[in-house]
Structures are given as C-alpha cells and as structure tokens.
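Have a look at these structures, which come just after this line.
Across the two complexes that follow, subunit A remains constant while its partner is subunit B and subsequently subunit C.
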Partner chain A sequence: MTTTTQLAARASGPATASRRRARRGDLLVRYAFVLPAAVYMVAFFGYPILKNVVMSFQAYDFATFFNGKAPFIGLTNYTATFSDPIFLRALGNTALFTVGSIIGQFVLGMALALYFRKQFPLSGFLRSLLLLPWLLPMIVSAAVWRWILEQDNGVLNRFLEGVGLISEPIPWLVSSDTALLAVIIVNIWLGIPFNVVLLYSGLQSIPDELYEAGQLDGATGWKSFRHITLPMLRPVVSVVLLLGVIYTIKVLDLIIGLTGGGPANATQTLATRSYEMSFIEFDFGQGAALSNILILIALAFAIVYLRANARAAKNG
Partner chain B sequence: MTPMSTATTAGPAAIPTPRSRRTGRSWIHTVIGIVLIAIMLFPVYWMLNASLAPAGNSLSTQWLPLNPDFSGYSRAIADQGQNLITSLIVAIGACVLSVAIAAPCAYALAQFKIKGTAVLLFVVLISQMIPGIVIANALYTVYTPLGLINSIPGLILADASQGIPFAILIMRAYLETFETSIVEAARVDGCGHVRAFWSIVLPVSKNSLITAGIFSFLFAWSDFLMALTLTTGESIRPVTLGLYTYIGTNDTDWSAVMSTAVLSSLPAVILMIVAQKYVAAGATGGAVK
Partner chain C sequence: MTMSSIPGPPGPPGSAASAPRRRLPDRPLSRRALGLGALAVPGLLGLAGCGSDSGSDDPRALRIVDYYNTPADDVAINGTFTKCAEELGLTFSRERVPGDQLIAKVLQMGSSRTLPDLLMLDNPNVQQVAASGALAPLEQYGITTDGLTAPVADLGRYDGTLYGIAPTVNTIALFYDAAALEQAGLAPPTTWDELREAAEALTTKDRYGLAFSAIASYEGTFQFMPFMWSHGGDETDLDGEGVIGASRFWSDLVRDGLVSRSVVNWGQGDVIDQFKAGNVAMVVNGPWNIAGLDADTPDLDWDVVTIPVPEAGTDPIAPLGGEVWTVPVTGDEEKQAKAAELLKAFVAPENQLYMAGERSTIPGDAEAAQEFAREHPELGTFVEQVSTARSRTAQLGPDWPRTAKAIYTANQRVLVDDTDPAEAFDEAARTVS
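Up next, the complex of A and B:
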C-alpha cells in the first residue's frame, strides 16, 4: 500500500484547487477499475437474488408470460412448498446426498492424499492425472456413468456378475431403492480429486520434524496420523468439508443427467426440484421459494466457511 | 492458509535406509499409485473405449477397442458439430469477458485502498456459493423480454457468472503479493493508473491471468444449467445440452453418445496436458484463497 500513502502524503501539501481536482480525478480512475465488476455483480448476482425474493411472494406462473401479471400472494408459495410431500422427500434426499457424498469423498480423498505424500517416482504426474474427473463437464460424467451403470449392458453389472458378487443385474438408476446410492457413488467419484488436491497441499505444509519427533516417541502409523496429522490438518479439513457441503447441496447437472430426479422422486433434491418447479411446471413463484430455501442453507454454511477460512489464514 | 506448494519436495524419510532398498520400495509405490489412478480414471477409459465400439452393438462393448470403429465420431460430428462450435464461441466469449472484467477489479482490490472494496470482496466470495438455479430462475424472466433467450451474448453473460468471481479471487491473491515498486516508479514518472496497469501490471501477472482465463473457459464450456434454462430451440445449443438431449433420444446408440462425450472432454484434456502448471495453480488457489 506504499503507493497510496505516498500519493496521499504528496497531496497533503498546500491544497490548491488544481491539486484537489487532480486528486479527485485520481480517485475516480481508481473506482473505474472496479466499476465493470461491480456492475456485473449487481446485474448477475444482486438482481437475481432480489428478483427471487420478490418472485417467491408472487403468483408468477405460466400466465404471467402472457398477461404480465404476477399478483402478490404473501406466503402462499412457502406454505405450498412446506406442505408438498415431494419437498420433504427432496429435503431428505439433499441431506443424504450431501452427507453421503462428503463422507465418501473425504475418506477416499484423504487416503489418496496420504498415499501420494510418500515420495515415489511419477507421483506428481499421477496426482495431476487425478484432476481429470474434476475438470470434465459434469454432464459428460453423467453420460458416461449412465452407460457404466446401465442395467443389462453396463460394465459395472457385467463385472459384478463376472466375479460372482451378484447373480441378477442391479437396476442401479432405474430402481428407487438404488438410484440415490448410485447418484451418491458418482458424486463421490467426482469429488475425490478436489479433496485430494486440498488435503495433499495441507499435508505438505506439516513440517517433517514433527513426524521425526513423533517417531522418537513411538508415534508411527495410525498413532502419528491421529496425534500429528489430524490436529495439524484441522483447519484445512474444516475448509474442505464446508466447501464440499456448499458445492454439493447445489449439484444439479449430475442428477438431471443421471436420473432426472427420478425414479418416483428417489433422487429429487432441493436444487432439482427448484429447477422442475420453475422450468417444467412453470411455477416460477414456488421455484423461487424453493431456491430461496436453498440459498439460506448455502449461506449458513458459507458463513461458517468464511470464519473457518479466516481462522485458517490466521493460523496458517 | 499458507501459499500451497504443488512441488513434490517433502524431505526424505527420517531414518536413513540403504539407497537401493528405498528405490526398490518406491517403485512398488509407483505401481500401486498407477493402479489407484487407473481405477479412478476407468470411467474416462470406458468413455473412450465405448466411443470406438461399433454402432448398434451395445450389447457387449469389448474390454479393449481392438477393432476401433470411428462411425460414432462421424455421427457425433454430423449431429453435434454445430453445437461444439456454439460451445467454443460461448466459452471463448465468457473467458475474455471474465478476464477483462475481473483483472482491473482484482488489481484495485489488491492495491488500492478505496471505500467499498471490503464489501465487494465479501460479495465476490459469497457469490461463488449462490446456487446456479437462483441465477437461472431470475435471468429467464428478464432474458425473455430483452430478447436474450437463445442468444450467444445471453449465454456468454450468464456463463461468466462463474468465471468472474473465480478470476477476481485468483488474480487478487496473486496481486496481493505483487511488488509495487515498479508501479510506483512508473507513477512518479507521470504514468497514469491505466497505463501502469496495462503495460506493467498485466504483463507481470501473466501467469495468474492465464490461470483465471483457463478456468473461466472451462466453467463456460462445462455449463449445462444456463444452456438448459436459457435456450429453447436447436438453433443455439451448447454441446453439453446437445449431449443431454442425445442421451434422451439416442439411448441405444451409445457409441455416438460416447463420441460426443469424448469430444466435449477435449478442452479439459488438452488443458491438462499443455497447461498443467496453470491448472494445478487454479485447483489449489481457487478454492481456498
């Protein structure tokens, strides 16, 4: 910030009119740097959020697109949402989907991160290959997994039958008993790279001397993980878990691509239900009410995340 | 969070072991590592493999593409070629727009102490956590009267909603550590803010610009939700949406579907190969900073 202070010091001399003007001009130029981004953020985040709040109190439906009328109806959209059995189903599914995905991603991601902490030839190269599932468009992953999980010809059932684990093909995506589990498995696969990358960088910042000292005290293997790695990694872990939750509760592409929320709403989440309300049933008011509930949940975790992140930065 | 290093420079094991034994052991680790990555990347392999299977023969995709059949690709290009071009235009547009809007803002957030920057930074952080369906919901209702439904500019603007916050955060993290003395020197010589930014700051921060650009491109290329909600016909249709409608209508011809999936994955794969350094920087920096 030396630039600013120096300029400020120079400007605090005898305040002539031209200098004041120059200073004001300078300030305007500085604001001009931020202006396009600020305008964009207002138009593409501020306005949509505000619009969603307003719409959630309106009867904003198919007719609105013809007559332009969207009368205010108070809390009707919210009461309709809360009394909708599909909403409760979607809420429960969102919780299961999020918790299941996070646990799977984290445990497997941690295992891989720990494994790749060992120094061996090609470890950096292999670790970078691991990023690929995360970089692919989600809808591509959905398409590929649909083919893998296909009941009769999918490679997963062929493999499981081949090794004798199952005798009948499992209808992964078309049975309401297994669809949510299948969607969670795919989402775990998608989330592993992200967990590995962050946990691995966290592991890199633990000084080796700690492990050396631990070894002298007899802390190896599980003990050193429990008493050295986990406590040192705690700030990173909380950031990874919270970001995971925030990203997972809004996942939509994957579920729409895999099951479309079905069968019989077995994989319906708040995000997919909100999409369905607005763009399939054209009830934008209720769709907005649903997505506002989603925003509130995301924001609650976001606030916890920002605090954890600030703490991590302070301790880091 | 400390700056995260992606370099593999952790110290050797604490207890010295004979060199030969250690090398022997680490090659075993490499083999296990390859197996683990192979399992993780199996779906990517299967996509490639299925794309080379002959059409209609979906009953038994072979384990190895011993007789590769490229007819899936010719059908994919015939059906989805236009959509691939649409995606490319939209992604390049969103990438350019994101960097152009984010770069000056990131510089200002990092280097100017002006009023409101703390608020803006907070908004940028939070905006990354807003579900896309919220944006799509509201945009649909204003895009319709504005004539932005089924338009390339409409998609570019909407898709930049992921790239811009990310690019601001990535570039700001870099510019926070940026050495200001050269800019100060230029400023003393009478160089304006704009010129200092254009001819000093931007060239020096090339790496973070490329990282931000790559991710903005990938976000827009991967977008599905905006394409799904903000287009209604076939005239303007990104390939992600093309792939989705393909799954619905082309259920039996998996080789064409998988060929389209492979083609849609190309940007990610190419960037993985040619811009590994930037991809790694974005992967670590973006989430935590």
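Up next, the complex of A and C:
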C-alpha cells in the first residue's frame, strides 16, 4: 500500500508539462481499463442484438443456414406476427404471467423478509434454506413441479384431497383454465428468494431509532410499516419490482419445462412463442421479430428503472 | 500450462486399424459378448478419435455425427461402423449429440461449413435438410433402395431423389397388461370398439384403461397418426371426416375418463412410465421400451398387439419412426465417395439384422425383416406393424413439420378445452393452407 501511494505522489509532480502528459497517460490508462468491458459488451450484447434486428427483416429460414441466402423482406415478419392469432394470446399471457408472478413474489417475499427481521433461534439457517429454489437448475425445478402438479398422482392434489380442501383433482397443468395459474405459482416460488434477499437487506438498513421514535408517537404495527418501513424501503422496492419485471417477462425455460406453452397454447408467452417460431418452425425471421418486440417491452421497463435510479442517486 | 500439454506429432494415419480386430458374429451377440464389446468400445473410440483429429486431411478418416447415446444403441452402431471401416480400410470418429439438439447442431454445422462426412437425421427432418441442398444424392454412389419396402425407401427420398437410407426402422403398437386383460376376461383388442370396451373394463379408481401421448410436440402427432390413417384420414385433408373421426375417438375416451386428461402433457416416455407404475393398463408406444420394461418391471406381465383399427379386417397403418443416414455435401468429392462406400456397407442386410437385434428396431430390408421376426418372436408384432406402416413426409415433404404442428395443436384444443374436433381441425386446415 505504502509503495503505491508514494509512486502516485511522485507521478503528480510539480511541472505542468509533465502533469499534462501524465494526465493524458492517465486518460489512456482509464480507457484501457474500460476497453475490455466495452469490447465484451459489443461482441456479446451489441452484435447479437444488431443481428437479431437485421434478421427480423429477412426471410431467414432452415435453408439459410446452408446456402447463406436470407433476402430482405421488409416488414413482412412483423405484419405476420401481428396478424398471428396466437400473438395476442401470448401477449396477454405474458402480461398476466408477469403481473401475477411479481405481485405474488413481492407480497410473499416482503412478508418473509419482515418475519426474518425478528431474531429467533435458527432464523439464519431458515433464511439460507429459503435460497434453495435459487440454487436448483431451472429445468430440474420444472421437472419436479411437473410431478407435484400431476393431476392424478401429484403430491399437491393428493394433499389437498387428503385435508379435504378439494373433492375432485385439479387439472393444474392440463386445463387451459388452470395451466397459466399453475405456471405462475411455480414462478412465484422461484422468485421468492430474490425478493427476500433484497428486501431483507433493505430492512436491515433502516435505523432502529426511527421505530423507537415512532413508538413514542404511537406508530406501531401496521402504522409503523405504512409510515416508516415503506417510505424508507421505497428505493429497494422499486429496484426489486423493476428487475423482477425484466426477469419475468422473458422467462422461457420454466414454461418450456412445465407445459411447453400448452395445453392448447394456454401458457404461450412472447418468449415461448419466439422460441417455437425459431427452433420448431424454423422461421428464424419471425422468431427474431417476436423477440425484438419482447426486447422493446423489457427496454421500456429498463429505462423506467434507470431513470428511477438516477433520481434516487440525485436525491440521496 | 506446462509444455506437456502441447499435443505431440500426429500419429500414423489409420491408427485405429491397429486396434485388436473384433469380428461381429452373424447372430446377435450374447449378453456376455455384449459386455466385452462394451468394454472394448471406449478404447476403439479413443483410438478412432486420435486417428481423425491428427489427420483430418486424410481422405480415409471420416467424421460421423449421430444421436445414439444409450449404451445399447451406441455399442451396436459403433460396432457396425468399426467392422465396416476395417473392411474398407477407413477410419472414423463419431460425435454423439443429445437427441433434441441434433437439428440445432446441424444448422450450426451447415452455416460454418463443418458438416460431417456421414450424418444421421431423424426421418421427418430429412426432406427439409435435403431441400436446402445440404445432402448429396446417393444413387450416384451406387446406393439403392433395392430390397427395402417402399415406405422405408420413402423415408430418405426428397423430390424423387434418394438422399438417405434407414438401416432399421421402428413404429408404435399397443402394449397391454396381459394379466389385467385376462382377469377381465378379454382378448387383446383389435378394433376401436374392442379397444374402448377393454379400456372401460380396465379402468378402476387407481388406474386408467388406456394412454397415448397427445403432448404439444411432434410426439403427439406421431401417436395420432395410426388412428388418423387407419380411419382413412390424410395429412393433405385435415378437415376431412377421416381425421376428425379419429380425433373424436380420442376425445371420447378422454371425456369418459378412460384416458387421463394428463395425456396432453405426457411425452411417450411419460406414457411408458405410467404403464410401468401400473397407473395405466394399455399404452401406445414403441419397441425401444422393451429393454427398459424387462429391466424395470420384471414382474409386469405385458404383451403387445398392433394398434386396433376402426373396422375389423383392415390393416393398421402406423407411422414409420427411425433414423436415416445421409452424406452431406462437404465439397470434398473424394471423401463423400468414401463416406458413401462406408454407408453402403453399414446398411447391408446382415448389419441391419445385427443392429435391429441389439436396438430392438426392425430391419428396413423386407427379407431381413422376415428373418428377424423368426429370430425375435417378441418383436413380431412390430415387424407386422412396420410392413403396413407409412412415411410421414412422403406426401408433404418439407411442409410436413408445419402440418404436424397443426395436428397436435388441434388435438390439444379438442382434448383440453373440449372443442369440437370438426371446428379444431377446420382451423388446422386453414393454418396450413
């Protein structure tokens, strides 16, 4: 440590010319540090997105991979997408899936975070157990939940029947009335750890004095939550919700693993539809058009997120 | 990071040939011999891999890509290639891709101009790949379809030209719990009425009478084909009474509780698992399950019959499954010719018999299939079913996948939402027109 500070001190010598030189060198060094990240971003994020945009204006199909021919066809892929009857359904499902998942994850995550704020024996251990869904590969979770939600022999239906809550097994994954709900329930389960971790650390940073002062003024229970916890937690809440939306809107593997978008397109979302277009129907052009629409929607939320962040930084 | 990690000088070409020679017996291997073979194969593979990596310019070193990953498949395929390559003085390296990733891999190899010298494809994909110009016509290399039944030959044909050849094929039939059927005093069903009757008799509180796969994937369509074709339905006439009637037969079975509604989310693997677990008394499935049934449920007294038909006396028409071998256009004429030479030897009837026995599939050659039925009576039903089976792509060619998707989507609507089959298939016909 000492050597570096001495070196730094010597580098910023008194002579102005050398200082200017040093500053230019400094600048170069700074750019050099940014360069790897910039190259990485351009190569692994910029190029694929650009390629995806270009592809969405091309007739890019199975044969393209062999003969390299992908003629430009203007907006055909987009008009085909918008006139596809499944598109509207997928759009609606995406909205329901996202909103339902986010509300469930957030409410349960908040409840658990508040619960774990109280110190009790084994609370640390239990909190780490909560992270389990996060550690499992998504496709494993999907396979296990398929068994749990199985209509005739699934654990969930057997349990509900056992305690007398239902008399007929619920066709979780095999009825178009319940499949989307079932998928949302599983996604809520998957998203709880993310919400608990962020909200819990947010709660930790609220000073206890505020609650003590509130108590003197008679703010306890719900009142202290409403007037102390929520306002203090607002920045964390907005991060949790917006990141949650961006993650949830593009969930693919979970739905593919649980229902494959079925039954009868009941759980088809923009992400699964785009996957299906590209890798089952081999219409990569239209698949790209669909995923661009998805990117635009996610981008809108990302901009809201970035602006909220900037505002928070200014105020903070 | 040490110097030792730098590869040494390339080994002599054809180093795989120096491995101990292993001759295949004419008759299927005994269990013991199979075990020994399995031990030898990794060694052979390793040698073959070295041989080709170090000498990819060697016209005698061929690259092969397929998806045979299960031990039984892998040993049979590798053993046959090893034998043929040795006889022809060739070497090969095989890359095994997970089944569901093969097409993505083929697309990737196509765009990077790294297609292998021999490529295995699932038969419904052949025409699409052939249509894109990636495959070499085989007749110029003296490969013919002589001896194959017409539908088996069709599997590798696109636009009248032969691009691929299937050494063995499979299809689906009806597996049933023989003890349960006997207890109910019923003979194995042969007609739709009998199938329904048996399903009713075998359905109990804890067991469904029948199951098939109606999942939203090509498997769901594959399993629907025997019902659709045997009922006079045709893939070019989706809103015809033949197709609609078959869908209605399925739908009635589900509506009446003889078939679980969960079949809309069951793949063929799930279906056989339900059969093994005793949750279903009869299932539609293929011969590839036989080894697993014997191993996992030795006490289950199962048997198999051809898929029941609408009217007594008509032939059941099932879809042909199985993989087709092709020679991709790599630009290296000499290597393509060598690959074709290897392929020709690989699909010879005696090799078909060996591979069919090891892999519980049916030889594509009509005569070999008859001999096979005599040697393997337990697969007799499948030999019979194959003799009347049909290729899925013979009529529609590269358009088949789109139609296949329309069919499973329509069936999902029928089975999930109780949509009238006429309405669902009317829309299916419109989406493919």
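Structural remarks
Rule of thumb we're sticking to: the second predicted complex is superposed on the first by the 268 of 316 C-alpha atoms of A that agree within 3 Å, B and C clash if a C-alpha of one lies under 4 Å from a C-alpha of the other, contacts with A are read in each partner's own complex, and residues count from 1 in each chain.
The rule is simple: contacts are C-beta pairs under 8 Å (C-beta built on N, C-alpha and C of every residue); 3 or more make two chains touch, one makes a residue touch a chain.
None of these values were measured; they are calculated from a predicted model.
Once both complexes are superposed on subunit A, the partners subunit B and subunit C clash. Legend: residue contacts after superposition of the two complexes on their common chain; A:G124 is shown touching subunit B, with no touch to subunit C.
Of the two partners subunit B and subunit C, more residues of subunit A are touched by B. In the superposition on chain A, A:R311 makes contact with neither subunit B nor subunit C.
When both complexes are overlaid on chain A, the residue A:R234 reaches neither subunit B nor subunit C. By the touch criterion stated above, A:A266 is placed in contact with subunit C alone, subunit B being left untouched.
Contact with both subunit B and subunit C is seen for A:N153 once the two complexes are overlaid on the shared chain.
When the shared chain is aligned, no partner comes close enough to touch A:R23: not subunit B, not subunit C.
Touch criterion met: A:F65 reaches subunit B and subunit C at once.
Applying the stated contact rule after C-alpha superposition, one finds that A:R89 touches neither subunit B nor subunit C. Subunit B is struck by only one stretch of subunit C after the chain A overlay, and of the options 40-48, 94-102, 166-174 or 256-264 that stretch is 94-102.
With the contact threshold set out at the top, residues 65, 146, 153, 279 of subunit A are in contact with subunit B in one structure and with subunit C in the other. By the touch criterion given at the top, residues 1-4, 6-7, 26-27, 29-34, 36-38, 40-41, 44-49, 51-52, 55, 60, 65, 112, 115-124, 126, 128-148, 153, 155, 189, 192-194, 197-198, 201-202, 204-205, 208, 211-212, 215, 235-236, 239, 243, 246, 249-250, 252-253, 256-257, 271, 274-275, 278-279, 284, 287-288, 291-292, 294-295, 298-299, 301-302, 305-306, 309, 312-313, 316 of subunit A touch subunit B in their complex.
Chain contact summary for the complex, subunit B toward subunit A: residues 1-2, 4-6, 8, 10-12, 14-15, 26-27, 29-30, 32-34, 36-37, 40-41, 43-44, 46-47, 50, 58-61, 100-102, 104-105, 107-109, 111-114, 116-117, 120, 123-127, 129-142, 144, 157-158, 160-161, 164-165, 168, 180-181, 183-184, 187, 192-194, 197, 218, 221-225, 228-229, 240-241, 243-244, 246-247, 254, 257-258, 260-261, 264-265, 268-269, 271-272, 276, 279-280, 283-284, 287-288. Interface residues of subunit A facing subunit C in the complex, by the touch rule stated above, are 62-68, 146, 150-153, 171, 173-176, 259-266, 279-282. Residues 103-104, 107-108, 110-111, 128-129, 131-134, 208, 215-217, 260-262, 264-265, 277, 279, 398, 401-402, 405, 409, 412-413, 415-417, 419 of subunit C touch subunit A in their complex.
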